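Shared between the two complexes below is subunit A, which pairs with subunit B and subunit C, respectively.
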Partner chain A sequence: MGGKGPAQGRALFLDMRRRLKRDTILSVLLVLPSALAVLVFVYGFIGLTTYVSFSNWNRLVPDYTFVGASNYLRLWQNPRFVITLRNLGVFTGLFVGGSLALGFLLAVLLDRRIKGEGFFRTVYLYPLALSFIVTGVVWRWLLNPGSPQMGSTGINLLLEMMGLGFLKTGWYTDPRIGIIAVAIAAIWQMSGYVMAMYLAGLRGIPEELREAARVDGASELQIYRFVVLPMLRPITFGAMIVLGHISLKIYDLVVAMTGPGPGYFCDVPAYFMWELTFRANRFAQGAGIAVILLVIVSLLIIPYLRHSLRREVEA
Partner chain B sequence: MRFRFTRLILYLVLLGFAVYYLLPVYVLVVTSLKSFAEVNLYRMWDLPHSFSLESFHRALVGGMGYQGLAPNILNSVMMVVPATLISAFLGSVNGYVFSRWQFPGANMLFTLALFGMFIPYQSILIPLVQTLRAIGLYGTIPGLILTHVIYGIPITTLIFRNYYATVPKELVEAARIDGAGLLGVYRRIMLPLSLPGFAVVIIWQFTSIWNDFLFAVTVAQNPAVQPVTVALNNLAGSFIVEWNVQMAGALLAALPTLLVYIFLGRYFMRGLLAGSLKG
Partner chain C sequence: MLVAFGVLGLAQVGTPLVLDKSATPGDIALAVFGDKAYAPAVMRATNSKALVDPTFARIPTLDAVLPAGAKVWIPEETWAKAFLAVWDPNRVENLFGGGKLVVGSWWTAGGEAEGLEALFALYRGAYADVVVVNATVAGGAGFAFKAVLKPRLIAGDPPDAFQLHAGLEVEGYSPEVYLHPLDDLYSIFGWDKVFPPDLLTLLRYQDHYWGVPVNIHRANVLWYSKDIFARYNLTPPANWDEFFQICEFLKGRGIVPITLANAGGWEAPHLFETILASTLTPAEYRGLWTGETSWTHPGVTRALEILKKILDYVNPDYSAHTWDTVLEYIAAGNGAMNVMGDWAMGWFMAKGVDVGWAPVPGAKGVFVALSDTFAFPKRASNPINAMGWLEVCGSKAGQIAFNMRKGSIPARTDITPQEKAQFNPYLQSCMDDWARDAIVPSVMHGAAAPESWVVDFKDAINLFLVTRDVARTQAALVAAAKAALGQ
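Take a look at the complex of A and B:
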């Protein structure tokens, strides 16, 4: 009996180890198809696109002759490309800033023991379930200014009816507004998402913290400024990343709502990329725009991924 | 008294915002219910005098010189159902492995996959079109399904990984002491507990695949296989299509995801929060 125990234990241990080894191999095999797919379709394709951007493929038939950075140079000299970059900057600033501000405001208002909170939350958030195409189609009509001869339509008409006619503008038909009108529709669609994130964050702040600040004589405004906002910083950061990367690749909303517009004042790089590549067959230049977009998004995403994974390991 | 007054203002402000968010839906519904005689851009905010389903009919089956959306809605269904189910299954398997079986390099691999969630798809479009052409799937619904399944791997894996991480360790260890291996633990412990995880992933993938435009317009340019987003954009971009038909078409294209949101909003929210990496 005395000798049997350790021997049995050892057999069990060896069996466990054998099983563990088999399971480790099995686990690798299970994720292998997905891993290979991502490797090829994400990393391989990014590599190919980058290569195409340095090639001479600017007509229908592929031509992989290496031409250095000439496609990038040509893009840079193209006024339309420069306009799309400027529009993208304006759009991103307005869209990210506007969604954050509106989302935060809604979350703060909803966080005051509101009757019917569920209803309001649902209403503020539902645009997120829509496609940018639907949003674009509807907002194109809402922001259609109408004409002085025939009368106003859409939001302009609504402003007139409310006696706020002086606020009427040409919206996306006005070169000075252009892309701002697209940002208005995008904020409408995404601000509910920010509200939901902030509301979840606000609910996570213990009431004692605010109570303690109140006892110390802080006003409600000061509590938000010095207690709530700093605690919500990770959420602000996360929302900025998500909104920022949506903004940089914005395409469908522009397609459905405005198109590039005369003088390209509603144009964005993703739209220009698609037209260059699949309409004008300038594959190498289109690939160049795609690579530039990827680099901008990576500058945003890679530090974020590293940061949140490190936090996860620490937790 | 003052307290009551500020509460009143608060509710009025909240209602004001609700009106702002509902304006587009108001226009969509009101316009698509108007009869053709009644449709007038300069009276777009007025309520309909009569009730008419003419616009929905035309948006579905077509009218003078344009096609309806019915075949495209069918295309979208034929694309979204298999794509969603396959990517949910893949996500579940991957998520399980990444949450419980840390083989060497697993974390690195997971991070590399996550990056795929954020890339602008413009940066893979050209090789994607060439590859789909080479394997004979360009311009087909299976081609779109393959595309959505592959680019859905990062998000579905992430959601399931975070979900399985919440399953108590003791449950898994008990099953392993009982002799269950990798597949046994998955079948006996994880899969039976997976229903909420599947709900989140299926709703998430359903919504994003149904709403996708970029892949659809790039891979399926042929009208016979176009999903509804592409067809709606063509319908709305055409000058001969009546305005109320456009609104009815937009409402029809939005309806499936809207219904999912209204009835399964809880799961929708969870997918949303997972999409921002925090789980």
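Take a look at the complex of A and C:
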């Protein structure tokens, strides 16, 4: 403020205020359309779906009579719904855990600054460029069970040729491992993405830290356990969120690869929701599944949002 | 040629008329039909013609005075009546012809797409002024198409006509709200006389007709490899005991006795419904869907036990196969039998497989039927064009052209022996059975039950494939029936 007089200071203040006001109006105007769209098309429809799930709309003609939680009750009594929830749990655990582990392993290997790193990085990342539909179709053939009469294809053929025929299984047609087969395909698709995130993280860890740990006598394993992994925690967390919500919404992969499968052992809630709504015309029950999925995703996302918001405030 | 087939389209059977003195459409209608009320039909027919042939007059309004020498088109009386039954006087725009005809279906593959195209060709021949839009959505048994159609019906933006299985599937579309009843068209075009009574019963829901059937398929056919049966000197099984003897015999020889698919989730339930139609009498089977037969009936238990036993003789990879890919077993000589609807015949013929057919064991004289119809939404944008489409679908020419390509049989019963001879031997034998057998409705193809019940039925059987628990599955089927019939 030093050398300026009060009048000059006041003019500057007014000018700033005017400019601020114009900026504010402009920014509000700029945000308004998308904010309105989000309000209507996201939150509005969440509200509508939630309302429908408590309504009596279980045939084609909309019927918005409030019937309480009876749709949810019906869902819980439906053995197929319970199976889909269990499948979702197994799938999410395997897919998130598997992608993180495989992605981390690939990242560590590439971080050794091997020859042709760029080539391998691209190879591992490529599956991410495919849609789940393509992945599903490819893995539908790779994991095809085959039969003694018609012969094997894909992985089973590979096992046969390696003399490991006893390892052949029915893959996605086997009720015991159906959903695991779907998880394998999903891991194949997403682990490259996790690798890229971890690789960026690993490159961000200063070499000095590792050096210091080595000087202190830490083994390579201990360096990873006590230095690298803790520093990668935000990345692990972020990757878990991304993989987690993909996993909870999984639909296209199941459609392309297996369908609901024998005894619904490859079935997932999103698929069941589609069939219940558009096939059985039970719109209210379908909305109920949508709401349950939303709640599960929220349980995953909200802690993350709180965490990252707090970090922003701190910064 | 088309004229020879009878009722079809104004372009074929109407007549041009040159006015000898000036007249309004009303005057013309009075002179030709003896009733002024036919004026809108004359106006629409003439305007449709004028769009493709400029020598015809264009009639701007219903009370326009046309000069002497103007050329108008007099539609055939049947068509004029059908027009008046469908036309809404508040929609004057429908008097000018042209526009589109949007037909929704799930016919995208092979013979069925060709059949649909043949119907379109007939339609274009009759209504040259209309642009046909083929709004198909691929996906077996229409599961994807229906999901696209339903929101459009609710939103009031439906196609002008859409494919619908004959029978209780119509319940899922809430016809009293969304669809045009077709009773008038049935009597005007005489469909209530040319379709067999069992089919007419199936087509009526809430005492109205909602769709025009274009074809008939049979669901309960046992296909067998002639090659394998000849090699081991086997004959097609007449009952389930013989069937399982053959299965046991073939299993010991490294052949899959009975092939099964279930990738679509409907193939195994389809097999089960054909078993049900063999362990119950036709009347009992029909009663399952009306509440007259209890689902606790021992025939249902026996059907589940048969299905359970069949699972010991099927290919292990059944859930990776769709109904068509599994037929490769038979084509390659590795599988002996298969139960599938008669659309499989088209597949066998395309692959050049010499295949035999018989009714599903224990179901001789029982024809499990399904039929594709076209329905007419109330809020169709081009109702007159849709009416013409239904006319083509119900006509003999349309049914013959369509079914020869699709590999199904006409729903009409007035097919002459000469016309019948154009069909392949399987279809000819199917026509004989259709005329002779007891006709019962298929579940999985929309005839027997509303869709919500079909989903419950299908879910119960799909679970059964893994649990193989007869008692629990029967309990689930009882519960499904209770929920659907509201008992």
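What we mean here is this: the second predicted complex is superposed on the first by the 300 of 315 C-alpha atoms of A that agree within 3 Å, B and C clash if a C-alpha of one lies under 4 Å from a C-alpha of the other, contacts with A are read in each partner's own complex, and residues count from 1 in each chain.
One rule holds in what follows: a residue touches a chain if its C-beta (ideal position, glycine included) is under 8 Å from a C-beta of that chain, and two chains touch if they have at least 3 such contacts.
The structure presented is a predicted model; accordingly, all values stated were derived computationally and were not measured.
Participant: Could you say whether A:61 touches subunit B, subunit C, both of them, or neither, answering first, second, both or neither?
Facilitator: In the superposition, A:61 contacts subunit C only.
Participant: Mind telling me which of the two, subunit B or subunit C, contacts the most residues of subunit A?
Facilitator: With both complexes superposed on chain A, more residues of subunit A are touched by B.
Participant: Taking the superposition as given, does A:146 touch the first partner, subunit B, the second, subunit C, both, or neither?
Facilitator: Once the two structures are laid over each other on A, A:146 reaches both partners.
Participant: After the superposition on A, what does A:265 contact: first (subunit B), second (subunit C), both or neither?
Facilitator: Second partner only, subunit C.
Participant: Could you look at A:120 and tell me whether it touches subunit B, subunit C, both or neither (first, second, both, neither)?
Facilitator: Once the two structures are laid over each other on A, A:120 reaches subunit B alone.
Participant: May I ask you to decide whether A:279 touches subunit B, subunit C, both, or neither, giving the answer as first, second, both or neither?
Facilitator: A:279: touches subunit C, not subunit B.
Participant: Could you tell me if A:252 is touching subunit B, subunit C, both of them or neither one (first, second, both, neither)?
Facilitator: First partner only, subunit B.
Participant: Name the contact category of A:212: first (subunit B only), second (subunit C only), both, or neither.
Facilitator: In the superposition, A:212 contacts neither subunit B nor subunit C.
Participant: In the overlaid three-chain picture, which partner chain does A:52 touch, first (subunit B) or second (subunit C), both, or neither?
Facilitator: first
Participant: Where on subunit A do the contacts from subunit B and from subunit C line up?
Facilitator: Correct list for subunit A: 140, 144, 146, 150, 274, 278.
Participant: Considering the complex alone, what residue numbers of subunit A touch subunit C?
Facilitator: Its residues touching subunit C are 58-62, 79-80, 140, 144-150, 170, 172-173, 175, 258-265, 274-276, 278-282.
Participant: What residues on subunit A touch subunit B, complex-wise?
Facilitator: The contact residues of subunit A facing subunit B are 19, 22-24, 26-28, 30-31, 33-35, 37-38, 41-46, 48-49, 52, 106, 109-110, 112, 114, 119-120, 122-142, 144, 146, 150-154, 157-158, 161, 188, 192-193, 196-197, 200, 238-239, 241-242, 245, 248-249, 251-252, 255-256, 270, 273-274, 277-278, 283, 286-287, 289-291, 293-294, 297, 301-302, 304-305, 308-309.
Participant: Provide the residue numbers of subunit C that touch subunit A in the complex, in ascending order.
Facilitator: Subunit C residues touching subunit A: 143, 146-147, 150, 153-154, 172-174, 177-178, 254-256, 262-265, 315-320, 328-329, 332, 334-335, 451-452, 455-456, 459, 462-463, 465-467, 476.
Participant: Within the complex, which stretch of subunit B touches subunit A?
Facilitator: 10-11, 13-14, 17-18, 20-24, 27-28, 41-42, 44-45, 90, 93-94, 97-98, 101, 103, 107, 109, 111-116, 118-128, 131, 150-151, 153-154, 157, 181-183, 207, 210-214, 217-218, 229, 232-233, 236-237, 243, 246-247, 249-250, 253-254, 257-258, 260-262, 265, 268-269, 272-273, 275-278
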